[in-house]
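Chains here go by letter, A, B and C, matching the order in which they are written, and residues are numbered from 1 within each.
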Amino acid sequence: MSNIKIKILDKEIASIIIDESKTYNALSFRNLGDLIKAFKKLDNDKNVKVIIIEGAGKSFSAGHNLKEVSGLKKKAKYQKLFNLCSKLMLQIVEGKKPVLAKVHGAAFAAGCQLVASCDLAYSTNDAIFATPGVNIGLFCSTPMVAVSRKINRKIMMKMLLTGDPIKAKYAKEIGLINDCFAKSQLDKEVLKVAKIIASKSKLTIKIGKQTFYKQLEMPLKKAYAYTSKMMTKNMMTMDAKEGISAFLEKRKPKWKHK
Amino acid sequence: MSNIKIKILDKEIASIIIDESKTYNALSFRNLGDLIKAFKKLDNDKNVKVIIIEGAGKSFSAGHNLKEVSGLKKKAKYQKLFNLCSKLMLQIVEGKKPVLAKVHGAAFAAGCQLVASCDLAYSTNDAIFATPGVNIGLFCSTPMVAVSRKINRKIMMKMLLTGDPIKAKYAKEIGLINDCFAKSQLDKEVLKVAKIIASKSKLTIKIGKQTFYKQLEMPLKKAYAYTSKMMTKNMMTMDAKEGISAFLEKRKPKWKHK
Amino acid sequence: MSNIKIKILDKEIASIIIDESKTYNALSFRNLGDLIKAFKKLDNDKNVKVIIIEGAGKSFSAGHNLKEVSGLKKKAKYQKLFNLCSKLMLQIVEGKKPVLAKVHGAAFAAGCQLVASCDLAYSTNDAIFATPGVNIGLFCSTPMVAVSRKINRKIMMKMLLTGDPIKAKYAKEIGLINDCFAKSQLDKEVLKVAKIIASKSKLTIKIGKQTFYKQLEMPLKKAYAYTSKMMTKNMMTMDAKEGISAFLEKRKPKWKHK
């Protein structure tokens, strides 16, 4: 049985739960593969509009499974592991639906990368985040791809060179997470944000999310040419026409997600 | 008569005012075209050193004119509208002179993009900023080009996915604006900054502004090669020689803007 | 005798001191050349794991030597000066070892660039930072390459267009430096961070530092392909195997730096 569970929180909001508490939800070969499958499944599920990712037990995720890593031995296997992990992160970024990280306990190494890769992230007040690979002689080189695109470079370097964890409140200050809450409030607060997003047009958000990450990698002029084209495409959808009509008629829009 | 007015605040400081309060200074085809003309005119006006952009009435700008948008119908017309809007933003970024946004009330969608596109931005304490396109089924895809190059990605995504507005104080914290002031102080404070900038060499600032945005899009090594060349060019101007002489002689420089 | 001194603070931690207090440690042709030599020397010194850069006397560094600049006259000489300065900054970024700036007094223009170019930076509480070239008609075009890759664009533009200095506490808030301390505590605090970094594997940090700056300039997908390759390479080192074994055996790792 897979350690990756899917739970429907609200009709349009699904949660992916990494449920292997004995390894602190380590991102093993198996869990990575199952996570990719779960994200793909929900991305293609017509009823789901928002995806939440969380961990069972004491922590969000401790990153790679070091026992497994230790036994791989061969270069080709390591390459395969890091490629699979990158594939998961790209699946989240390139997917159609917003992904929210709901974090408690520790989000370390690839676990921290997972948080950084999500569109939004929320945590408990006592959650901690780290890229501690340097402590085991294995620099957090793939995790830093995601984290360094979210936070300031000098703060990132401090985390990478010392391996020291940072606290939720500081993670919010530097933009690694959107907000943090008391443990008892986290579920409710994340659901609140998810419901707001789920109330929008699925098609609009799909176009927007995919356009967002692509334009970020373009020079300004090209980004404007690209987004102008995508916004025109968006404008031709039924939902944009309905949304604008509803706004002008001062009524709630009825999305057809088309 | 055009809704875009030009006002000379101080001999070398000009303000462009969007004056169509009934539409909350919407960026219609006409206003966009007139804004581009106004920016070009001031950019070529030898007496003007700093440009301020502001809105008349209750708000800075509500973004596109949804009534107009609603009536366009044809794909080619939407494409034309978004292209024209992008052209305005590029005019500000690629222009020779510093542009300061002076914001009150709401700066929404393309209005928020306009703020983000300026070199500096100041607002009243009660100003609000949003990329609310998602609420009308039309994701703020062109606005996010400007805003996402100024603020953290997760904060940006929260604004884009929920459409929720943010307040001036928070906009300052995240770097969308430089500062915010009491309504009664804003004019004075913006003028203070504009006067400081107007006291510098126009030529130096022209070289600097244009070099700034270009180098941002280059990899580090190329950026150094390019800026070293531009700094050498700057060094050969009369104003750099005068500025350095004045500094060594402990006197005020007399700019020739050459 | 050179103004650039090397001091061994702790067996594995070396400090480069710019010691020309009469020019506020200006980055003259000679000092730039000697700094490059010093960084190269320490980068190749097998005993050194962390490099600190600091200034003697009242300030960290005032930037270029304006008296020297004033006397250069010829375009080719200016080009040579700015190229040499860029070469120093690239040496720090592309070097194998972490570089920590320890700043007191003023870090202006190329001095501010030097701080921004280091992996980490710490200062006294009363240190100030500026890109004031605009005041002498010479825009800080090369300094902004380093600074604009660390801090928000609007904040950077304010510094560039006004030339106004910012204080240490604010420099920390915006991510130009990592932290600031009372003058009496700075040495101790920087040494503390340096020692933590020196306790890691030199080879791991070399791979990590070099991978960090390279991946930052790549689009996401390419960055993942590159870092996955580098992390695999890192995994095949003795130190990664030792680090993971030590972790699993709950003991301290013994680095071989291989």
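A few points about this structure:
The rule is simple: a residue touches a chain if its C-beta (ideal position, glycine included) is under 8 Å from a C-beta of that chain, and two chains touch if they have at least 3 such contacts.
These numbers come from a predicted model, not from an experiment.
In this structure chain A contacts its sequence twin chain B using mostly different residue numbers, the overlap staying below half. Its C-alpha atoms superposed on chain C, chain A is turned by 120 degrees; the angle is given in steps of 5.
Chain A and chain B have Cα centroids lying 32 Å from one another.
Residues of chain A found to touch two or more other chains are 149.
Those residues of chain B whose C-beta lies close enough to touch chain A in the complex are 66-67, 69-70, 75, 78-79, 82-83, 85-86, 89-90, 93, 133-142, 144-145, 148-149, 152-158, 160-164, 174, 213, 217.
Interface of chain B with chain C (complex): residues 98, 119-121, 149-151, 175-178, 193, 196-197, 200-201, 203-205, 207-209, 211-212, 215-216, 219-221, 223-225, 227-232, 234-237, 239-248, 253, 255.
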